[in-house]
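Multiple structures are listed underneath, in structure tokens.
In what comes next, subunit A is part of two complexes: it sits with subunit B in the first one and with subunit C in the second one.
Showing the complex of A and B:
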């Protein structure tokens, strides 16, 4: 089946768009938690993805651990760096104005970049995946590497897990209460410091997971956070602040549109992508599913 | 004061001046990225220069040579022009070198013309740069120099149809034009010419399209690092290699990021002027010294561009000191042995004529590392883009 025939082309766009969109979702969902839910303009999100990716590279390549172990080491390591940072640095940043938050977190990003550069250099830092991830899976009309299916599965698991956690658990209720009105939440006996810390840790964990699983398309190197910062921000902005479902819809939609443009008019793919982003934000400045602030 | 003491003082002064002329210091300003995402270039240059100095000493003939390093960041023509001005006027450098990006090199053309400063380009690969000033010399390569022999070789190998996929910016378009012109002249057919946006992160759509077109090979040009990583992975994972669609490239498998590409790189075919695994005495001496002085450093094309550039500067200093026009005269037509193979500075294009090697990525059984193994050679290729 060739791209020339309409049905084949349509299926190709659907499959590649979904796979690409899911990678976009995975790398941006952590930011959706910190910036969307906790309302901190966290430009260091990519920094945590870089920490996760670098640790996974180190554990997998230098220590020779199997992928699941390397993944665990990377996630726990990222958490071990993120939690003290939250305690010492972010706790102050929450109270800043938006511009100060931007400056503080971009400064932090530069520190992370310099640290990784010093430790591992500026060349590519590949994350060794299990051999089977590269194996093509036959979908009937074409093949797709298993890796893409793993990412699609993980993306679905993450969004289901987050929905349960944020919409259906006591933690979710408390987090939303603490974000909406910290003083009142605190007065009602909610330990808001702890809630924030857990939520921030969750954001960092998701950043690390996204960095590692997305590394096949957005490979890890020391400049990762700067390279892809705009991409993360677009997904969250188009999705709407505070809405995980919005980020999900935005990532899939943008992934489909860009993939379609690459198939149909490669020269115009980037323009098409940004034109759609501008159009959506012009019509709905609060994003697809963002709440209009009162 | 007597006549005799006057004469003695004059004699002493003359002697002193003579001595100073003998031990004068010639300064070379190196403008390259030493910070930011392209800092690898600066590091590669500096390492290679220091290896050269360690091997040959810091004296060229009568003159001592001193290097002054300046950071250009990325493609930054305005800043590079002012850095060059500062080097020429305040630091009084007699030679300029470096230049990773074409716009940066172009920015200094009027300056070096005015000050008659020989300027050795270590990297920037657009043919037309050298037309902007006769003080430009280039020890790297041009896009045409490697793309055209690749096209001809591919045709001779029985590859009759090719799809080209290049990043949509200057060098990519140069590569596409060069490959296409040479391939079609021979009688080959370019079935599709895809220009991929520079910001592309997912190459699947482009490669899926190529796969469906079933050409004999896919020619590509990508900026090094992340795009090459993703492209080569996608090439393998979408089964283009299995389908027998051969990968043809140039700089994609350069040594610094080669290990990072992993198994996906094995079997990739490229035409290029330097392989870290080039089998010669000069190259072994160079790479061994590099590894000794900078553990973990890897020689790639930018190291060898700088190494040969410095060799050329030493030659010019030795023959002509700080006399710019004479130095250029001395450099033109010079032939020497480089770690990449034999070189000749072509008097017309002022770019080195050199061997272009057809290489295939292999895992070296001894070291376990991926290497660009030379499989064929097209000897003494000049800058083919000069007259196009």
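Showing the complex of A and C:
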């Protein structure tokens, strides 16, 4: 804290909280897509963030590719793993009860963790970022690494893109139709299998992107999916299933609250975080902006 | 004939395990404690249909309550068990009043949040709980004033076995009672149970409270026998593993909880001793196998195989 006065503290919390919240949003929004729209309690979501992060680490560190190239390799690689998984495993999970979904996806998470460990070991897997990302940017009241601004910008781009895709495109209309009533949508000539596959791939891609961009704040190692599983689920549950805007509000709000608590009362940060989560879910069981009850 | 044969066989196996593995009594005792915890989850989830990933909240609270009771009040093991049971039930009752108003994902997240809150509270109250160092200085008096806890863990094993058998018997009675049947009914269809005049909410609160008491007993046993309570007692891992054990064995059957726990713990013991990550391969594959191929749990496997053998049409049912 360079500025001691109240206003400076407030601005610091605002900026750090926004950066943290955006990362939460980017990873959790993919989960909101699969869980809210497709009604799958997908505990393996963090696994796709791990796969993306591991591939980015491998492409950047071991192959020595430049960051944009490594990012592309990681995203395509994640997609190449996610799509067959959807076809072979998730397609059968869609019809399960909640508990079976929880278990099946926990089982998948274990397999992903074990596979990543077998390949890259259990140490930290840093993702090499371009040097320019570390460059400080002067905001007037404090300086901030460019990386944080890139994260905030990407988060805003993701929410705009998703809104266009889900609310304004033909694909979005078909997806919502398939989710509302799969049988009818299918009878109307919508290829629901394909729609589900694309939506699932989209969720996995967003997880990978969030995992890679967020690696500075939520470092990647083999246990990543288990360590942050609860955090991502909470963002989605608080935001409301299937609501992109809800996830955004929840991620930003929870990011701000936790950041504020870390500045003001570090010992009580975690307690405050969970107390607020319980309070919100007790008052609004369907989440901040959930349309359907969870 | 069958009604007395199974319990007899299980008890004989428990006795045989004591004779066959005299150097692994600590591990066998841990299995018994986990069986208790999974039994509590079976009542809550398998019978009453309450989806929870936070059973560790009551387990940890029972452990800390019994541990603190032993350190500050009395080393009497049975009194400690009661304290643990009471603490677990009290937490379950208070949180259950809120939790049972929600369903599905919200309920799961709230149970996780309650356990996380307990974990963080125990972490912060260092003066009372020892924080990350764990609660130390637990000294137990002999069980019933007759059997002192010994270094080899023989007393601990028989003590845990006795408690587990008593709880199992209690649950067997409870699940066959009108109350237990109404819980099954709520699991099958809450709307119909409400329609015939059952207060679904209060029955679920009651089931959650009883389950919490049993989880508290499991935690208290762990505290008394290992003479240590660590923050791990509240961890998400415990809740998740208990759930996996239950589904492995078969939810909604008391023997399912026993079989699933034994298989999970033994596989874990053997596989994790070599490499903790390879263990994740094994358990991940096992979980997927059960969820996809034997959804009613391994306890239903013999039946499924028999049906397949006879070529019955309902083999997949």
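Just so it is clear, the second predicted complex is superposed on the first by the 287 of 294 C-alpha atoms of A that agree within 3 Å, B and C clash if a C-alpha of one lies under 4 Å from a C-alpha of the other, contacts with A are read in each partner's own complex, and residues count from 1 in each chain.
Just so it is clear, a residue touches a chain if its C-beta (ideal position, glycine included) is under 8 Å from a C-beta of that chain, and two chains touch if they have at least 3 such contacts.
Treat the numbers as computed from the prediction; the structure is a model and nothing was measured.
Residue contacts after overlaying the shared chain place A:124 against subunit B, while subunit C stays out of touching range.
Once the two complexes are overlaid on the shared chain, A:154 sits clear of subunit B and of subunit C alike. Of the two partner chains, neither subunit B nor subunit C is touched by A:186. Within the superposed three-chain model, A:111 lies in touch with subunit C and out of touch with subunit B [touch as defined at top].
Look at A:100: by the touch rule set out above, it reaches subunit C but stays clear of subunit B.
Once the two complexes are laid over each other on the shared chain, residue contacts for A:218 go to subunit B alone; subunit C is not touched.
When the two complexes are overlaid on their common chain A, residue A:267 makes contact with subunit B and with subunit C alike. In the superposition on chain A, A:12 contacts subunit B only, with no contact to subunit C. Shared interface residues of subunit A (contacting subunit B in one complex, subunit C in the other): 122, 267, 270. The part of subunit A that touches subunit B in the complex is made up of residues 1-4, 8, 12-13, 16, 19-20, 23, 121-126, 128, 134, 136, 142-143, 145, 147, 216-219, 221, 223, 226-228, 231, 258-259, 262-263, 266-267, 269-270. Of all residues in subunit B, those touching subunit A in their complex are 36-37, 39-40, 168, 194-202, 204-206, 208-209, 212-213, 225-226, 229-230, 233, 236-239, 256-257, 260-262, 264, 296. Within the complex formed with subunit C, the residues of subunit A that make contact are 35, 41, 89, 92, 96, 98-100, 102-104, 106-111, 113-115, 117-118, 122, 222, 230, 233-234, 237, 241, 267-268, 270-271, 274-275, 277-278, 281-282, 285-287, 293-294. If you check the complex, the residues on subunit C that touch subunit A are 45, 51, 53, 98, 101-110, 112-114, 116-117, 120-121, 124, 236, 240, 243-244, 247, 251, 277-278, 280-281, 283-288, 290-292, 295.
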